[in-house]
Structures are given as C-alpha cells and as structure tokens.
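One chain, chain A, appears in both complexes that follow, with chain B as partner in the first and chain C in the second.
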Partner chain A sequence: MAKTANKKISRRQFFFIIVQTQMGVGVLSLPFDLHQAAKQDGWISLLLASMAIQLIIVAMWLTASTFPDDDLIAFLPKLFGTIIGNLLSVAYYLYFICICVLILILYGRMLHLWILPNTPFWLLAILLAFTGFYLISSGLLVMARIYTFVSILLVIIFFLLVFALRDIQLVYLLPVGQTPVPQIFKGAQAAILAMLGYISFFFLYPHTKGTPTERLKTMSYANLFVTLFYLFVVFVSFTYFSTSEIAFVPQPVLYLLKAIELHIISRVDLFLLSMWIVSVATSFSTYLFMASKGVTDMFHSKKPSRFALFSTITIVIASLIVGIDEQPIDSFTQFVTHVSMVFSTAMPLCLMLYTVTIHRFVRRKRDGKI
Partner chain B sequence: MAKFKWSPLVLSLLLLTGCWDQRQFKNVKLVLAAGIDAADEGQVESTVVITNVQSSSEGPGTEQTQIISAAGHSPLNTRTNIDQKISKRYDQSKLHVLLLGEELAKQDIYPSLDMFYRDPKSNLHAQLAVVGGKVKDALSLSVSGEPRISEYITGMLTGERRSTHLPNTNIQLICSELLEPGQDFVLPYLVVNQEESVLEYRGLALFSGQSYSGRYLPAEKAVLFLLMKGIRGADAQMTRKIGGDDHPDVNDFITVDVKEIHRKLSFDTKGSLPKVEMKLKMEADVLEYPPNHLQSAKKINELEKRIEKDLTKEAKEIIGLLQETNSDAFGLGRRLQAYHPKVWKKLNWNEEYADIEIDPTITFEIQSHGITN
Partner chain C sequence: MKSFRSSGGRQKEEKRKQETVPNSTSLEDNITYFIEAFHQSDDLKLRILEEGRTVLLYVESLVDQEKIQNEFFKPYMQMGDQEIMKVSSGKKVHDRKKIIKMLLKGHCAFATDGSADMLLFHTTSAFNRSVEEPDNEKVVRGSHEGFVDNLMININLIRKRIENENLVVTFDKLGKMTNTKVAVVYLEGVANPELVEKVKTRLKDISIDFVISPGFIEEFIEDHTYSPFPQMINTERPDKTVANLMEGRVAVLSEGSSTCLMAPATFFAFYQSPDDYNSRWFTGTFIRLIRLFSFIIAIGLPAFYISIVGFHFEVIPKDLVIPVKSSINEIAYPPIIEALVMVIIIELIREAGIRLPTPVGQTIGIVGGLVIGDAIVRAGLVSNFMIIVVALTAIASFVVPSNEMSTTLRLLTFPLIILSATLGFVGIVFGMLLLLIHLSRMESFGTPYFAPLAPLHVKDLKDTFIRLPLFKMNTRPKNAQPIKKKTQTTSREWRRDGKNSK
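Up next, the complex of A and B:
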C-alpha cells in the first residue's frame, strides 16, 4: 500500500473511475424514471441533465485547479476557515454516507425483486459493503485498475441490449415535444440523480496525472460517454416498450432482456443483473472511498482503514434501519434527491463563485498585489 | 493492514456458503405447455402438460406426459388447484407455449397474462395462440411422431412464422400493443382436428383492444396482411389466380415469393376524419407459372398489372375485415398520434376507426422468374 499510496492515476484510469461512479444503481430504472416525468420526451431531459452536469464539471474544475494538491475535504477549510470548512466537510461526509446507504438499499431491493426473494437483506448488504471496503482499503491506484478492468462489462451490456433492437418500434418515440417544459425539467432532475458520481472529480483531480486542461477534457469525455450510454439504454427501452406499457415496468432494461432468449443464455436479464452488481459495487466503493478519505483527513489520522471500517459498518446499519420496503425507500430516495441537489449541484457552483471572486480577491490582497 | 489480510477469507467462508434461493430441478414439475379456458360462473380452467422423465439405469430416461386440468377463480388460483393434484409443485418458468381458449380470449386476456408479467421467474418468450374450441382438447391430443405437444406447437408456429403467416409473437411482445391505445395485435388461431388427431393453423385471430373480436383472418390472406404490416419471414409465398374462367385449372395460377416490400403510410387530415393512404411496393420472384411465357417484358408487365389489381382488391378486403372487427392491427392510430398529435387528441379512435377511409395501393414488380423463362 505504501508503494501505491502516493502514485498518481493515469488519465485513462481517471476516465473509468468517473464512468463507473456515474453509472451505477440508477441505470436499470433510468428509462422508467425519465418516462414517468417526461413521457417519450425523456431523452430530451437526459440531454439537458448532461449539459447541466457539464456546466457543473467546469465549475468544479475552476475550483479544483485553484487548489491543485488538495481534495474537497482539504480545501474546504482553506476556503472558509477551519470551523465552517470542517462543518461543511462533516456535511459532505454524511452526504456520501447517505448515498452509500441509498445505493445499498436500491441494490438490495432489486436483487430481492429479481433473483433472491428469500435471501435476507442484511446478507446482501454486508456482501456488497464489505466488498467495497476491501476494494478501497487497497488505495486509489488499485481501485483505478479494477475499475478500468471491469469496464469491459459495459461493452457486454451494450451488446446484450443490441439484441433487443430487432423488436423495437420507432413510432413509440413520436410525437416529439408534446411534454410541457416543466415536466422535461423534472425528468432532467431524475437523470442527474442517475449520473451523480461526478462529484468524485473533487477527490480524483489532485491524484491524476496531466495538465489541468487535459484533466478537464478527460472528465468531459467521461460525462459524454455516460450520456451516450444512457441515451442508448433509454432509446432501446422507449422503443421496445410502448408508451403506456413502460408505466407498468419499473426496471425496463431488465424486463426487456427477460423476453430475449439467446442460444446459450436462456435468461439474459439475470446475466445482466450480475454485471450490473459490479457496476453498483464500483459506485458504492467510490462513495465509500470519498467518505472515509474525508473523515480520515479531518482527524489527520494515519490509519485510514479504521475509519473506512467504521463508515462501512455505519452504512450497513443505516441501510438495515431504512430497510427495503417500498415506502421507506421512496421517502429516502426523495430525501437523497433533495440533498443531492444541494451538495452535488448547488454547492459546486457556489464553491466556484466563491473561489473565483472572494477567495481570489482575499488571496491577492494578502499577497500584497492590491 | 496485516490484521485484515485474512478477513476476506473468513468473510467468504461465513457469507458465501448458505443459499436461500435455490430452486432444484428435483423439487419441481416443469410445465412446458399450458392453456387457459373459460369455465362456468366466471371461473377459468387451466390445463397443463407436465413432462416426467423416468430415469433408467442405462441410456436416457423415458418421458411420460401428464395432462392435468383444474378450475379456479383466477389463473393463479387454478395453479394452486393443479398443485393439489400432482406430486411436488409445478413450475412454469420454462413454459414454451401458452394457449388461450376462444371463449376466454373473447373476454379480456390481460388478466390471464398478468401473472406472467409480474413474476420475475416467468418465461416471457413463450409463444401464444388462440384455440378455436377448448384448450383442453388441444393439449390432450396425442400427435403421432410428436411426443411433446409443446414442441409440436412451437415447431408449427415457427414454421408459420418463417413462411410469413405469423408475426413474431410472445407474451412480452404483444404486451406493448395490448396496452397501447391505437394499436392492436393478432395471434395465431389454431383448431383441433380430431379425425386426424392434429392441430391446424387456420389464420390470425384479430384482437380489438384486449379481447378477441371473434373473427380471424384466414391463413391465405395472412401473407398479404403481414406484408402490409411490413413483416416478412424467411419467404413469403402467395398463389394467385391470374386467368381462366369460372372453371379454373392448374394453369390459371401463379405462385410468387415476395422478396422486398416498401410501405409508405400517409395521413390526409384535412377532412373531419383522417384519410389513410397505404402505398406498398413489392418486388417478387415467380416460383411457379405453368403457362410458361415470361420472355417478353410486355407479358411480364401485363402479369404484374393483373396481380396488382388482384392484391389491391384483397388488401381492401383485409382492411374491411379489420375495420369490421375494430381491430387496428396496423397500428394506424398510434401512427396518427405520432405524426398528427393534435388530430389524434380530437378523435375518439376506438369509435371512429371503423369509419375512416383507408386506401391501399399496391405496386407489384417481378424481378426474376427462376432459371427458366
């Protein structure tokens, strides 16, 4: 670990960490969520969300490049002073823990519904949480290698969905533009939720090789890649299911593969589900990594795994308290959506504004340039 | 870190050994073909075919089939009742064929399919068909040379699909058309031939909304109907009369295989009701034409005109039948909604569909006539 701890990750690895973090638990239900909000115009919402995220990425980049060697938890106190900075760090820590809990219960629910109706949730939660813990305790470089390696699964998922293309009806995408604009924006909110992982930029930026512009470019490519992949998934689901049918199918991606039979694999949906778990585990691990990194730095500790273990156990217990019944999950999802709007969209923008105006001004003054 | 070195191993030992969700083959009876009939007093009756494999000490085991029926309030209720008549429990996750009795299909078919849509284990690519008469009779047939009725029926339906007599249907594929307004579907219509002890494919059962309209499109018209839908199997053969008088002989017929079809739909929304124009362009090979004079372009042209006229007339008949049964199997309503959403909103499609004007025009082109003239 000591060997790899201070090594920077390459830009390719950076790309795959962002992609794997952004894609995760949401991909299976994304078409349904979009459709609920914006009907067959949901893909417009997706594009809107992607553009909004691109703006946020630029904002994050402006902030992060001011502090080239610090991650979020390290530069918050530098920006706002120790007290407010640390308070914000704690808030971010709790936010990451909440997202981990959400990922865990959504994953537990999906497995419970689709393949493991009798297996208790605590077991599924522990399995995923400790896989994540194991992964992050090896450090960022090892994580990056694993993420890059498992990205081959995305290619397989893509080709599985291609099989559905022969039964699609393009007419289901039409008429375009019948959804009122507020609904489209609501859809965009749902799409942002499925693409949330971009906040990890703050943590990866200082550990990535390359000039600031190169890193921004890689980040933008990652966002573009996720958008295109999602767009394909949404396109297949919207045209495979009719406009009224998709309202009955909360996990359209799995459902459409359920009706496909290949020569070797009789139930393609279960095959996809297994690969999806990897995607979930990577998203989970990144958030767990950010949470434990944050709390370790806050306490200036030299023993990161202790904090990681603490966070993991907290997450498992919290997810067991929320449980996997429909009602609590829905309210918890609502809660995390609202919180995310603050921490993942509003905060990066505020940080950027604060950095480029007040902070720069103060620093220049201190340096005696004014 | 050394402390945690062994933790994955210990955790795996503790966590990966148990299995709550195993479903073992020895505990279930696999159902490969099933059917649902309407029974008295609003009940339904399910019939299932269970294949039992008797293992023997040498060679492959012998298969025996068991046909069980039970009535109940709902399809899943009948399943419970069937379970009470068989050893072990029945499992339909490998279902290949689901037959619907004519009387049941005339009511709403969605309730019969709901359990398949809801169950994560169900096999959504099971084939569906409507049986004239009782499903029970169809599944009880013992067809010589076909030990498994499920394989017999799927084989038959696959064959019909390849020859463009059937669209690709399964439980999942019809669901979109079942639920979507302005779009109806068809299912294969089978009847039991008791004398020869076989099932016969008769044509396409026309559905209106979620129920069988009670009429089917005869098999000889199915090819043209599917071509009009833009669907073509491995080949699409049609035999048409092109000459002679009231006493036709074999010389008066031509058989063609349609190779390519292009469809263009256009809506004229100026009037109070939309008008639909369906333009079809077909390119075909001649497979059989005993009079044997296909050298001159003029002759071919004449023949093409003749077939065009004939097919256009037949297309009108097909559309007439669809409108009569209020079955929008071409999905015209959904297309109207897609291209003219404002017009669609003003219409009550279910009521107006039968009255709109649908005008088919077919252009037919012979592109080759085999290795002789």
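Up next, the complex of A and C:
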C-alpha cells in the first residue's frame, strides 16, 4: 500500500472514479423524483442540472489548478489561514460523513423494501460500511482499478433497460415544456442530488496524471457520460409509465424490469438491484475515502487506517440512530439536500471567486513586497 | 533493531562458512579427522593402498563404483601414485571443510602420506527417474517431457529449448542444514533486472534449517501469505517454463524437486495451459473461455442456487417452478445444510481417492459418487437439484489447469455459501465484491495480481480471455514486467506480398 500510495491514477481511472461516485443510490429513484417536481419535463431539469454541474466543474478546476499538489483539505488553510481553513475542513468532514450516512440508510431502506424485509438493518449497514473500509484501506490506486472493473456492470444495466424499449410509448413525453419554470428548477435540484459525486474532483485532481486541461476534459466527459446514462434511464421510465402511473411507483426502474420475463430467468429487477449495490458501495467508498483522507490530513497523521476505521464506525452508529423508517429518512434527506446546496454547489463557486480575485491579489501583493 | 541483529548474525554465519581448515601433512591425522568429522559413519569407506602409504576416501552411498574404476583406478594402475598427482584429471584441494563438502557430493578423495593436498575425483552416482510427462499437467499435443528430481537435468531441459547465451542460471544454497541447491533462471535482456534482484534478495533472506520443496520457498518469498490465492506459477513442464521465461519471468528450481516456481504470477496465468497454443486459436480461445466460466461456476453456483431457493424463488421461470419445488419439498434440512453436506462429501471422496492405488481409487469413486449420491437422495437428505449443483461445482473446480488454484476455488465456495444463505443475492454481491477487492489489492513481485483486468490493459487481454493467433501477439504481456517489449516483427510478410502480386 505504501508503494501504491505515491503512484498517480491514469485519466481513464479518474473518469471511472467520477462516474462511479456520481452514480449511486439516486439512480433507482431519480425518475420518480424528477417526475414529482417537473412532471414529464423532468428530463429538462436533468439537462439543466448537468449544465449547472459543468459550470461548477469549471469553477472547481480553476481553484484546483491554482494548487496543483493539494487536495481540498490541504488548500483550504492556504486560502483562508489555519483557523478558518481548518474549520471549513471539519465542516467538509462532517458533510461527507452525512452523505455516507444518507447513502447507508437509503440503501438499507431500498433492500428492506425490495428483497430483505426481515434482515436487520445493522447487519446490512455493517456489511456495506466495512466493505467500503476494506476498499479504501487499499489506497486510491486499488480503488481506481476496482471502479474501472465494476463499470462493466453499467453496460449490463444498459442492456437490461434496452429490453424495456419494446413497450415504450413516446407520446407520454408530450406535451413538452408545459411545466412552469420554478418547477423545472426544483427538479434540477433533485437531479443535482443524484449526481453529487463531482466534489471528489477536488480530491482526485492532484493524484491524476495529465495536464490541467486534459484533466478538465476527462472530468467533463465523465459528467457527460453520467448525464447521458441518467437521461436514458429517465427516458425509459418516462415513456414506459404514463404521467399518471409514475406517481405511484417510487422505483420506476425496478418496476419496469419486474415486468420483463426472460426465458432463463424471471425478475430481472433483482439482478439490477444486485448490481446497484455495487454502485452504491463505490460511491459510499469514495465519500468515506474523502472523509478519512480529510481527517487524516487535518491531524497530519501517518496512520490513515485508524481514522478510516473511526469514520466507518461513526457512520454506522449514526445511520443506526437515524434508522430506516419513513419519517426520519425524509427529514434527513431534506437536511442533506440543503447542506449539499451549500457545500457542493455554493462553496465551490465561492472558492473559485475567492481564489481568482482576493487570493490572487493578496499573493501578487505579497510577492511584490518581497 | 531486530533486523540489525539478524543481519549481524548472518554476517557471522558467512564468516564461519568462509573459514578454512588446512590439511596436515600426516596421513594418519587427516584420516582420523575425516572419520571423526563423519562421526564414524559406516558408509564412509577407506581403501588403503600401497601398504598404508595412500588412502582412497569416499562415501559409499553416494558414489558410483564404476566411475571410481574408470576415473581413479585405471589411471592409477597405469601411472602409480607419484605420477597421478601431477597429471591426472583430479582436483588438488587441501582445505578440510571443502573436502568434506565434496565428499558429501559423491566425490572420492585420494590422500598420500606426506602431502597436505588431496586429489578429488568426480564419481557421483545419479539415480534418476527418466524424463516423463508429469501426471498432473498432461497435454494432448506438444511436448511430453517433464522435469525430474535432479536440478542439472532440469536445467538441461530448459537449456535445450533456449539455445541462447542470454539465459542465465545462478545457484544458491538454501537451508542452513540441508544445503539444498537452488537455481534462479532468467533471460537477460528480457527479464526485468529489478525483478531478478527482488527474487534473489528474497531467496537470500530465507534463513531456515531445511528446504524440502518449492512449496517451502514459495511461502517464504511470496508477497501475501495471508491470502488463499497462489502467487507463483507452479509447473513441472519445461515447455511452460520456457514460455514464461521468454515472457520475462524468473524461474526458481531446486535440487530434489521436479517443480519449478515462476514469478511474477497473475490470477489469469493459472488459467493458461500449453494446450491453448498447441491447438488452433479458435479452439484455444473457446477452451480459455470455458475455463474462466468454470471459475464463476466453481465459486458461485452453489451460492446462487441457495439464494434462489432460500430467498428469491421468483427468479425461477414459471415452467421450472414445479420441478424445483417438488424436489426440495421433501427435504428436511435447509439448503445450506444440504450444500455443506454435499460439498464435504465430495471433498472426502476426492481426498480418499488421491493416495490410494488406482484400482481402489476407482472403487472409492464409484461407491462414493454413485452409491452415496443415489442413496442420499432416496433417503431424503439432499435434493436432486442440490446434487446436480454441487457435482457441477466440483467438476468446474477441476477444470482449472493449476492444482493450487483448484483447491483455492473449492475453499472459497464455503464463505459464499454461508453469505448467500444469510443474505441471498445481497450476500453474493458482497462476497464477490470483497473477493474482487482482495484480488485487486494483491501484488505478486510488483505486478498487480488481477492484471490485465484491474488495472485494465486492453492490449494484454489478447492472451488472457482469448488467445489470438500467435503472429498477432507482437508484444510481451506487461504483467511479466519485461524490458524488451517486442516479440516479433512481421512474421507473415509472404502473405502481404502475395496479395500485392495478385
């Protein structure tokens, strides 16, 4: 591990880490969430969200390329001084922990609803959390290898959904553009929540090979890939279920696969759900990685596994406290949504503005004096 | 601190090895010394010649009498003892330690009164089994030679296949008390010098009294001892060894064993067999795919079946529901018990059959396989479907060309069975994910173990999942860390010319 820690990941691996982190728990319920907010125009919200994220990516890139060797936790103190910087780092640490908890409980509820109604949640939580811990304790390079490898599951998911194309009705997409603009923006917010992983850019950027421009390109391709994949999922769900039906199916992707009967196996949805678990595990692991990397750097510790273990246990306990009942999950989701708006959208933009204006100005002034 | 101390100990040891004890000029002194050095062992023979003025000394169990006759007595009879000291083919040595070493190798020592030098003649007897095809690595077509238990013959088998001065053999002694000779073989200019150095240092670091088999060596020099997966290629086939040497791997052979170890190894190296290259590439590719498919069956099928009958009965298509249901309805035990019982029965039959003489082994197979299999279903202990599943799993685990990998696979079945019986598909997913993480984080001598899949090298897939025609394989696989990448220039120029002339 010590050896691999110094090696940089290739741009292909970078691409797949971003893709796997962005795709996660949200993919199964995304069409439903979009539909709730923006009816059949949900796909417009998705495109809008994707463009917003692209903007944020450019902003993050501008910040990150000012500090080519530092990740978020390392450059925050350089930007704002030790005290404020460390406070922000702690805030980010807590934010990542919150997302991990959210992933854990959403995954727990999904399995509880769909295949394992009698299995206790703590068992599922421990299983996922410690798989994530095992994964991140191998280092970024091994994570990158695995993320690249499991991306083959996305291809399988794609082909499973292609089966559903036989029964779609394009007319369900009509009328286009009838939803009021505020509703579409509300849908975009839901879409951003499903595509959150882009913040990992801050942590991967210094560990990736290639020129700054190449890395920005790869990142943009990853975002484009996720957008197209989501768009396909949303398209299939929106045209398979009619506008009034979809309001009754919280996991449209699973429902539409449930109806498909292949000759060898029935219930394709169970296989999709199994592959979805891998996707969840990968995005969970990235957040866990960022959290424990952050806290390790803050304490300048040489023993990252200790902090990773600490974070993992914290996450499991917190998720058990929240539990998988309807009410607390909804309020927790609301909470994380609001927090995410601050940490994943507003903060990167502010950081960029601060870096390109004040920080640059201050540095130039200081350099000029010396 | 600890390492420092041990390195100090090693230095002392080496110093002791280098010490020399010179012979005395008195014949009597010398002979008493050697008799004492061998603790009056009865197979140390003295032949007193010329009324006690000269003595021939050898270890009876190690020498070939005929060779003594030819090498020593014939010239001795012709020339006499004074002449033979000057002109013979024998080697003059006066260091007692060295003489003991040579006596133990089967040389005979000729001593004359009044001289500190002794003459050593090479009279080693060699009992070798003939070069035969190894039983556990048979091929249909191609070379039928296999390594034997003699190091020199084994190296000869390799040298015969690579007539190149760049093939380097270095010897080392392992085992502080057994002094087993170990050879490191590699192809200079292809093998990565760093890799060669790594293998040599790890071998030198071994400090144990005895080394019997390559299994010993493997455990000392591999990277991850706490892993079920084998991390060095084991083979008894010279042609396989040569192919791996040509890719840039390093081979380790030891005296007294017919197994050759090769590093670095990847997971997929255990799924390759020389047969793939002896048959047409379509067939080779097909068989490779079958083997890799067998990996999935061997570790996943019982788990998959258990989770279906235990958790997800809906997955079975509707026409199959009634036969499955009627088969498992009568069974008293839950599927996990059924599966464990069957897997353990198969392991028992296998283990019982291995060491028995062939006719008895076959009887065990019939009694175990047919009688128990039939009776256990009639008795209602295990369902028909479970028998099919477990039997298929066992067969699949034997498809792997490597014995080590085969045992690993059968071992991995158990945790997956338990996971699937507790969590269904979710358990299988986590089991596979953990397995994948484990495979991806392992490294064998600096090569990622799960290459070329994780990390992905698209170019190297040409010789893992499939086997392309040989003239398409222009580069050596990256996982052997070769320093010379190209294997050939255009080999089928005639083809291109032919097209042009048309």
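Convention: the second predicted complex is superposed on the first by the 368 of 370 C-alpha atoms of A that agree within 3 Å, B and C clash if a C-alpha of one lies under 4 Å from a C-alpha of the other, contacts with A are read in each partner's own complex, and residues count from 1 in each chain.
The definition used in the following text is that a contact is a pair of C-beta atoms (placed from the backbone, for glycine too) under 8 Å apart; a residue touches a chain by one contact, two chains touch by 3 or more.
This one's a predicted model, so the numbers in the text were calculated from it and none came from an experiment.
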Which of chain B and chain C A:91 touches, first, second, both or neither: neither
Contacts of A:242 with chain B and chain C, given as first, second, both or neither: first
Partner chain in contact with A:281 - chain B first, chain C second, else both or neither: second
Contacts of A:149 with chain B and chain C, given as first, second, both or neither: second
First (chain B), second (chain C), both or neither touched by A:120: first
First, second, both or neither for A:273, with chain B first and chain C second: second
Partner chain in contact with A:134 - chain B first, chain C second, else both or neither: both
Which of chain B and chain C A:13 touches, first, second, both or neither: second
Partner chain(s) touched by A:260 [first = chain B, second = chain C, both, neither]: first
Touching both chain C and chain B, counted on chain A across the two superposed complexes: 1, 115-116, 119, 123, 127, 134, 261
Contact footprint of chain B on chain A as seen in their complex: 1, 113-120, 123, 126-127, 130, 134, 137, 167, 169, 171-172, 174-175, 178, 240-245, 248, 255-256, 258-261, 305
Chain A-touching residues of chain B, taken from the complex the two chains share: 1, 4, 7-8, 11, 15, 18, 20-21, 117, 120, 124-125, 168, 170-173, 175-181, 183, 331, 334-335, 337-339, 341
Complex contacts: residues of chain A adjacent to chain C: 1, 10, 12-13, 111, 115-116, 119, 123-124, 127-128, 131, 134-135, 138-139, 142, 144-146, 148-150, 261-267, 270-271, 273-275, 277-278, 281
In the complex with chain A, residue positions of chain C that touch it: 311-312, 314-318, 423-426, 428-430, 433-434, 436-437, 440-441, 448, 450, 453-456
